[in-house]
Amino acid sequence: MKKDVVKVRITYADTDAMGVVYHANYLKWFEIGRTELLRKMGIVYAELEKTGCNLPLTEVNCQYLAPARYDDILLVETGIDYLKRSNMKFEYIIWDEKMEKMLIEGYSTHAFTNNKGKIVRAPKEFVEKIKGSLDQNSGTIIRA
Amino acid sequence: MKKDVVKVRITYADTDAMGVVYHANYLKWFEIGRTELLRKMGIVYAELEKTGCNLPLTEVNCQYLAPARYDDILLVETGIDYLKRSNMKFEYIIWDEKMEKMLIEGYSTHAFTNNKGKIVRAPKEFVEKIKGSLDQNSGTIIRA
Amino acid sequence: MKKDVVKVRITYADTDAMGVVYHANYLKWFEIGRTELLRKMGIVYAELEKTGCNLPLTEVNCQYLAPARYDDILLVETGIDYLKRSNMKFEYIIWDEKMEKMLIEGYSTHAFTNNKGKIVRAPKEFVEKIKGSLDQNSGTIIRA
Amino acid sequence: MKKDVVKVRITYADTDAMGVVYHANYLKWFEIGRTELLRKMGIVYAELEKTGCNLPLTEVNCQYLAPARYDDILLVETGIDYLKRSNMKFEYIIWDEKMEKMLIEGYSTHAFTNNKGKIVRAPKEFVEKIKGSLDQNSGTIIRA
């Protein structure tokens, strides 16, 4: 699996008085993007957590290329840039409905931690599932 | 103490594409209203929780009388309608900055529960602090 | 059409430190529920607005029957309780994924207004589409 | 004026099921930070907008250094990194209540646009107010 694309529709709750999506809300769609990408790779984040492993953000970056409006459908494309010993990086592109226009480009980095917030190694099973999916393609997932 | 009034300023994050506050966001200001009212009565909700007692909502109601706009200052007036054996009710009025115009009227009811969500009696200390504040006035707190 | 059911999945963004959905966020799913119900009746709210007609909330009510947790799937069932000359009422039930357990019950009332917030009559075409859908069943839509 | 510090208190609405602030919500505090910094420099963003000038984000970056929890007080320190012909950059540090520990470091870049989203020059009056404040100190505002 090279990447995953999730469809979301913009609600009033997502917009602001400028008539467009409030900038912070794209980060919520990044969350949906990486959760669904992992799910397709066989990793249910909610279950990972129950094993005592978390993936909190260490950094997020978001570039706003074009605005999106109420009731628009967006396509959230998510890939994995890298998976290291104790951290990983996701990359995102948010497209218009026809996937013709890039609205948003971003990334998030995450650390593997235990329940107490201490950095730990990525769980072996997690790594294997990701690697298994990545091996089906070569190189980075997104923008390859 | 009869009631408490908290001041909030509307951010872009609070608004929607209609140019006004998104209706669900008033509930966040209700939360701030009751938290600060309790704090002034000597009850820090964050500490109450550490004792294993929660106050989850069982119902919320909100009437939208007039819209509020970006950068407006709002006054959130909160009172306690009743405190019973294992539940309580807060009432809210949200005013414009001059406290001349009611924008929102609402209430929330809450149950006292333990960490597992089971209904319990209101903690004795909690009740005493509330009663102490209420006794300084007669009757209900708000709209008295 | 008697009612509409929309599926949503709970994200981290929807939850709070109690480990459950933050109470105000159910109102966002009410919004999705009524928007999609109208869409299936042939009414795209985004287009209605362009004709200068809005449907702002005049009241919302939400009863919290049972909590919902991260990554759960919820079913948002929406119906129309009434459509009058210049206002209407939606009713909502939010169910667990198997539609066995009611988690939330609520309603919202709305006024028809023009761009300046003045109350107006419901547009004729709007009424016809709703009535057309309602006539396929008798009585109220939900809990009939 | 070198920088501005705004105090915010974390509500339940701001947290997530990990027990800490949901990462996207820090961006809302960045918004409060820059709005209040500008206000102290004599620029009310709500009024700027009425003149037909907007300052939409072109990029945001946020580094998560340490988590924050329900009911904590945070200090949002905001400065201006640069103001150019048609864009500007704000920098943010979010501290714990005692201003001893950095929790968040971030920045946002903004373009000056007209009502139609077209890039324009920063309004003369805006520039003068910023420059006037900056001249009271040398160099960049934050981390100088």
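As written, the chain order gives the labels A, B, C and D, with residue 1 at the start of each chain.
What we mean here is this: a contact is a pair of C-beta atoms (placed from the backbone, for glycine too) under 8 Å apart; a residue touches a chain by one contact, two chains touch by 3 or more.
Quick caveat: nothing in here was measured; it's all calculated off a predicted structure.
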| item | value |
| --- | --- |
| A-C compared against A-D, more contacting pairs | A-D |
| Most remote chain, CA-based centroid, reference being chain C | D |
| Chain C and chain D: spacing of chain centres that average the CA atoms, whole Å | 36 |
| Rounded Å distance between chain A and chain C, as computed from the means of their C-alpha atoms | 29 |
| Distance between chain centroids, defined by C-alpha means - chain A, chain D (Å) | 25 |
| Chain A, residues touching no fewer than two other chains | 12-13, 18, 20, 24, 28, 31, 70 |
| In the complex, chain A residues that touch chain B | 12-13, 15-20, 22, 24, 69-70 |
| In the complex, chain D residues that touch chain B | 11-13, 28, 31-32, 35, 44-46, 70-71 |
| In the complex, chain D residues that touch chain A | 18, 20, 23-25, 27-28, 31, 54, 56-64, 67, 117 |
